[in-house]
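Each of the next two complexes has chain A plus one more chain, namely chain B in the first and chain C in the second.
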Partner chain A sequence: MAEKSLDFAREITSKHGGETITRCYQCGTCASTCPVARTTERYNPRQIIRLALLGQRDEVLKGDAIWLCASCYNCQERCPQKVEIADVIYALRNIAIREGNIPSIYTEFATGLMNEGRLAPISKFVEKKRPEYGLPPLKPTDIEALKKILTATGFDKIMFKREGASP
Partner chain B sequence: MKAYALFLGCTIPARQPHYELAARKALTKLGIELVDMEGTTCCAPPPIQSIDLETSLAIAAYNVCLAEEADLDILTLCTGCFESLTIANRLLKEKPELREKVNKILSNAGKEFKGTREVKHYLQVLMNDVGVERLKQSVVKPLNKLKVAAFSGCHLLRPSEILRFDDPERPRIFDTLIEALGAKSIPYKNKLRCCGGLLRGYADDVALAIARDKIVNAYNAGADCISTLCPFCFLTLDLGQMLMKTTYKEEYNMPIIHYAELLSLSLGVEPKELALDFHKIKLDKVLEKIG
Partner chain C sequence: MEEVKVGVFLSDCGGQIAKILDFEALTNFVKGVEGVALVARGSEFWRGEGLKTIVNAIKAKRVNRVVVAETVPKISEVAIAKAVEEAGLNPYLVEVIDLKNHCAWPHRDTPKEATEKAKAMLLAAIEKVKLQEPIEKAEFPAVKSVLVIGGGLAGMQAAEDLADMGFQVYLVEKEPFLGGLAAKAVRFFPTDDCAVCIQSPTTDLKTVTQTSRKCVYRSGFSEIPNLKVLTNAKVVKVEGGPGNYHVVVERKPRYVDESKCVACDLCTTVCPVEVPDEYNVKLTKRKAIYINKPLVYPPAYAIDAKACKFHECAKCVAVCPTKAVNLDQKPEQLTLNVGSIIVATGFREYDPSVIKEYHYDEYPDVVTHLELARMLDAFGPTGGVPIRPSDGKPAKRIVFVQCVGSRDRRWNPYCSSICCMISLKHATMIKEAFPDADVTICYIDIRTTGREHEYYYEKAREMGVKFVKGRPSEIIHDPATNTLVVEVEDELLRRLLELEADLVVLATAMVPSEDAKELAQILGIELDPDGFFKEYNAKLRPTETKLRGIFICGGAVFPKDAPTTSLHAHSAAVKAAKFLMNGKITKALKVAVVNQDYCGNCQFCPVTCPYGAITLEPKGDGHFAAKVSELLCEGCGVCVGTCPVGAIELRHLKPSQISAQIRALLSVSGTSKPLVLAFSCSECGHAAVDSSGMAMMSYPANVRVLRVPCTGVIQVQHILEAFKAGAQGVMVVGCKPDGCHYEVGSQKAKQKVEMAKALLRAYGIEPERLEMYNLVFIEGDKFAEAAKTMTERLEKLSPLQLA
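And then the complex of A and B:
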C-alpha cells in the first residue's frame, strides 16, 4: 500500500505542473477559498490531493472531480505550502486523458485545435458582419506549423475516447 | 507612440467583434499602433492545458516567436490569451532547461524561442504607455453618473507569481482605469471571485450557479453594469443571464460591457459606431446615463 501510494505521488511529481503536490499538509485553505467547492459537493481540491497522495489512482483519474476545477487559481494563490494546486489538477487531467478518461467537451476542444487551429469555430454570421464594421478579414491560422508541433509533442497520438468521465 | 503586435486569439474575432471593434477604435485614438499578426494559432488556454501542458507551452511559445520575428511586443485583449502567452514567455525566459525542451519541439515548425519580447495586456499599455493623466485628458464624454462593477477575470491576476500584473488580493489598476473615465468603480461582494466560465460544457449547472453569484452581488451593490476584459467572462455573464431566466426564473437585466467599449464611448465614439447589438442584455440604461 505504502509502495503503491508512493508510486502515484512520484508519477505526479514527474509531470509538468505536478511537482509540488507532496508539499501539501492538508490545511484545507484551498477548499475554503474555492468557488466551486462552495457551490457543489462534487468538488474539493484538498480531498483530491489527499486521495492522490494515498495512491488512490483510479478514484482520482476515473472520477468526475478533477474536471470540476474552474482554473481560477484562488487556491494556488493562497496555499501556505506553495502547492501549485491548479497546475497539479492540470497534471492529473493530463494523465487521465492519456489513459482515455476524457470528457466529451475536451474531445471537442482537441478536435477544434487540430482541425482549425482555434477553439472557437468561426461563425459565418460574424465573418460576414466584420467588413460592415470596418474590421479586417479574419487571418487564417498557420495550421501546418501547428500540426508539426502537435506531432512533435505526441498530442495527435493521444487516444481521444468519447466515453469517460462525463457526468 | 509605440506599435504592438495585436494578438486577437480565437474568441474575440470569431464571436465578439464588438470587443475587437471597440478596442481598435479606442487604442488607435490614443495613438497606439496595432499591427495584425500573421499565422497565429490558438494560444493554448486552460482547455488545452488540461489535455497536455507541454504541448500548450509549445503552442504559446510558437505565437510569441511570431512577435519576436516581427520585432514587436505582443498586445492582448483577452485575459485568457494574456495568461497563456505570459506563462510561456516567462517560464521559457527563466527556465533554460524548459526552453531547450520547447525549442526542440518548435524546431519542427522552423521556430526558435529567443526570449526577446514582452507580452502585455492592453490595460498595461493604457497604464504605462498612455498613462492615467493623458487618458483623463483624452476623455471627451466623462462617465460621471456610471457606477461600474469591475470584473477583471481570474487570468489577468492569477497566478500572480508568474503574471505579475497587479496585487492579486487588492488590485487597483483596473479600478484606476475605470475611474480615469469619470465613472465610479464600486465595491461589491466577492469582486475577485471567478465567473465559473471554464466549467461551461462540462458542468453547466455549476457554472451557472457561480455566474449567478457574480450577477447578484453586483446587482445588490447597485451597479449600473459589470465591466469585463475577458470574452469568456463576458459570455458567461451576458448569455448566462438568459439561462438564469429559464433556470432560476430570475431577471436582473445587468448590462455586461467590455472596458474597451466604455473607453471608446468616453473618448467620443458614437454608440452606433460600435457593434453593441452583440450584447444579449441591452445597454440602453447605460447609454442613457452616459448621455
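And then the complex of A and C:
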C-alpha cells in the first residue's frame, strides 16, 4: 500500500500541473472556498488530493469527482501551501483520459470538433444575431486541416480510446 | 636560522599496529631523511613516559621540530601540543599523524603497501614541519563592557545577568519604555502570571529578594549597579572589532527629563491633544504626553513628537511641578565603548492585512492576538472584557483562526511555534471569566510541544472550547446583524460550516522586528531566509554568531515562548561574559598574511572572507592592498583559495608546505594501484577519514590524505600540481556545503573542482580523475567507499603520463 501510494503521487508530480500535490497538508482551505463543494457532496478538492496521496488510483481516476471542478481557481489562489489544486485536477483528468476514463460529454465535444470543427454546433438563430452585435459572419472551418492537426497530435487516439467510441 | 633538527616518534600502539606495519623499515626510512635528528619508537607518545621522551628531547635541545605518529586521533594532538609548549617549543613546530586509523587499520589486508604508505605519510609530515616557522600568541584588549540591543524579556535578562557579574552594561531600547512584547501580552504561558516579571538581580539590594521574580517596574532594575538603560535609542554605527567596539547610539528626544519627572500625571490633564493609543491597540485614546499604565519602566512620561503641538501649546511645561518637560530637547548621539554586543530585538506580529480573505484591515471585529491580549488586561482599554471594537458590545461568540500568514508559502513558510499556545491561553482565559462565551479554535494542527503545554489543550476541551480541524477560507461580514461569518470545512465531519462570530481573532505569524535587516548590516552579521538573526550553529551555538564578540538571543533568533527566551538570554550573557572575562583576547596568530607587493587590489578576498577580516588599505601610490585583521582572521584560508595572483598565504600552511607534502605523499608508491591524493579539510572531512579507520573500514593504500585547514584554501593549481607529481586521481574531501566550519569554504572548493575539471578536459585529461566529496564524521564508510570507487575508476583508465 505504501509503495503503491508513492507510485501514484510520483506519477502525478511528473505530470504538467501535478508537480505541487505533495505539499498539501490537508488544511481544507480549498474545500471551504470551493463553490462546487458548496453545492454537492460529490466533490471535495481536499478529499481528492488525500485519496490521490494515499494511492487510491482507481477511486480517483474512475470516479466522477475530478470532472466536477469548475476551474474557478479560488482554491489555488488561497492555498497556503501553493498547491496548484485546479492544475492538479487537470493533471488527474489527463491521466484519466489517457486510460479511457472519459465522461461521455467530452467524447461528444471531441466528436463535434472532429466532424464539425466546433465543440458545439452553432444554431442558425445565433448566426443571424451576429450582425446585430457588430460581429462579422462566421467563417467556415477548414475541417480537413483541423483533422490533420488533431490526428498528427494524437488527439483522436486519446479521445476515442474508450471501447465503442468513434468520431 | 637555527639548524632544523626533527625528532620522529613512532607509536606502535602497544605492538598492535606493528603486526601490520614494518616498524623497522619505517625507522630506517625515517633515519635517512634529511634533517631528522632523532627517531624513537614506543607504545604511546601522547601521555606518560612516551610524552616525557618527547619533552626531554626538546629540553635537551636534541630536537627543535617534532613529528609524532600516534594512534589516538585529536586528543593526542592536543596533549602533545600542550606538553611541547610547556617544554619551551612552539606548538606549531609539531606535526601529529595517525598511522593506525589512516594507514594500518584501513590497509591491514595489504601490510606491505601499508608500510610504504606509512613512509610517505611520515615523509610528508617531516617535510611540512621542517618548513614551519613558530607561530606566536598575541593579546588584544577586551573592554569589560557589553551593549544589549532590545529592552524586552530577552534583553533585560541578559543585561541583568551581565551587570550582576560586574560588567558595565548598556541596554538600548528603541521605544520610550522597556518591556517589549511582554509589556503588552498581560499573561504568559505556562505560568499564567504577569508577562512582565523577570528574574531578580542577584545584587544585594534592599527590598529585592533573591529567591523571587519581580516585575520589571519593581525589580530595582534601574538601580542595578553597572546597568545603564537608554530608551528611545537606536544603534546607528559600529566601529572597531571584538573586544573593543565603538558604538554610536542615537537617542530621540523624550522631551521629559527622566531624572526630574515624578509621574504625577498633571501634564496629561492639561494636554489638549488626543490620539489613538497604540499601546491599547487604538481602542482608547491617549494624550500627546503619556505613560503606559501601569507597568512601565522608566517611570517617566514621554512626548509623542508626531502629535505634540510643542511651543504653540506648552501647557505641560507650565503645569509641571518639577520642570521636567523640555520641549527644546534635541536628538543626541553617544559613543559607547563595549567589548561585546548582544542582539535581543525580538519579534513582532505580522500584519495580516495582506491576507485579503480575512479582511483584517476592513472589519474592525477581526483582531490579532496582541489586540485581544490588551482587551483581556484588566488595566487595558476594555477592563478585561473581550468586545466587538465595531460597537463596543461584549463579544459572546469568538472564533480563533490559527496559522494566519504562517505555515503559508505566500507569506511566511515557517511555523511561528507559539501561536497555538497563545490561542489556548486566551481561549481558557475567556472561558474562565465568561463561562458562557462560545469559543471556537479553527486549526490545521494543534502544536503543544512544551512542558505543561498539553494541559492547556486538555483544560480548553474540559472548559468547552470547541475545536474545528480546518483552515477558514474567508471571513464575511453581515452588515444587517453586524456579525462575522467564518467559512470553514470541518474536515473530520467533512462538512462545510459557517461559524457566526462577534469577534474573530487571528493567530498571526510572528516575524522579525522591522529593524532586523538594518541592524544586521550595521553589525555585519547574517539573517536567515526568514529574516531572523542567524546563529553560528543551531545545534551547539544557538546564541553565537559567526563574528566573535557578537551574540544573539530570544525572539530575534526565532519566535519563542518566555521560558525559552529566558534560557536564550542567560546563554547569550554567559557567552559574552566568557568572551570578555579576562579583559583580553589571547589568540595564536595562525592567520593569513598578504604579500603587499603581489596584491593587485582586485577585491576578491575582502568579499569572500566569511569573517570580514580583510580590508583594502591605500598603498599611497593610488593602489590598494588587502590587509588581514589578525584578530578577526580564523585562519581558514578561503582567501588563499580565492586570490587570483597567489598573494595570500597562511602562516600555518604555506604554499611551499602544500607542495612539499604533495611531493612527499606521492614519492613513495609501493603499490600497483594508481596513486590518489585526497585533500581533506581539518574538520568534518578529516573526521570522516578518522572514523573510517576507527571503524576498521578498508580501502586501498594508494589513497594518500593531505590535511588542509579548510577545503576553501585549495587552488586549481594545487590540484594540477598533484597530477604533475604523479597522482592518477585527486579527491577533495570537505564538510557539507551548508555545514562548512568556515561558512563558504566547502562551496568555494566545489567551484575550484569544477574549474579544474574544465581545465583537465581542455588538456585532454579525463575529468573523472577529480572528485569532490562532502562528508561528516559518521560517514567514514562513505569515505572508504569513495576511495575504493575512485581507485577502481582509475584502474579502468590508461595511466596518466605528465612528465
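Going forward, the second predicted complex is superposed on the first by the 144 of 167 C-alpha atoms of A that agree within 3 Å, B and C clash if a C-alpha of one lies under 4 Å from a C-alpha of the other, contacts with A are read in each partner's own complex, and residues count from 1 in each chain.
One rule holds for everything that comes next: a contact is a pair of C-beta atoms (placed from the backbone, for glycine too) under 8 Å apart; a residue touches a chain by one contact, two chains touch by 3 or more.
Predicted model only: the values in this text are computed from it and were never measured.
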Could you say whether A:Phe8 touches chain B, chain C, both of them, or neither, answering first, second, both or neither?
neither
Mind working out whether A:Arg46 is in touch with chain B, chain C, both or neither, as first, second, both or neither?
second
Please name the chain, chain B or chain C, that touches the greater number of residues in chain A.
B
With the two structures laid over each other on chain A, which partner does A:Ala31 touch: chain B (first), chain C (second), both, or neither?
second
For A:Pro80, using the defined touch cut-off, is the partner it touches chain B, chain C, both, or neither? Pick first, second, both or neither.
second
Chain A residues where the chain B and chain C footprints coincide 74
Under the touch definition given earlier, write down the residues of chain B that touch chain A in their complex.
10-11, 13-15, 17, 20-21, 24, 36-42, 44-55, 57-59, 62, 104-106, 108-111, 154-155, 158-160, 168-169, 193-194, 196-199, 201-203, 206-207, 209-210, 213, 275
In the complex formed with chain B, which residues of chain A make contact?
15-17, 35-36, 39-40, 42-43, 67-68, 70-74, 76-77, 84, 86-87, 90-91, 93-94, 97, 102-103, 105-106, 108-110, 112-113, 117-123, 126-127, 129-130, 133-136, 138-143, 145-146, 148-153, 155, 158, 166-167
Can you list the residues on chain A that touch chain C in the complex?
23, 25-33, 37-38, 41, 44, 46-47, 74, 78, 80-82
Note which residues of chain C are touching chain A in the complex, please.
357, 403, 407-410, 444-445, 469-474, 487-489, 491, 494, 496
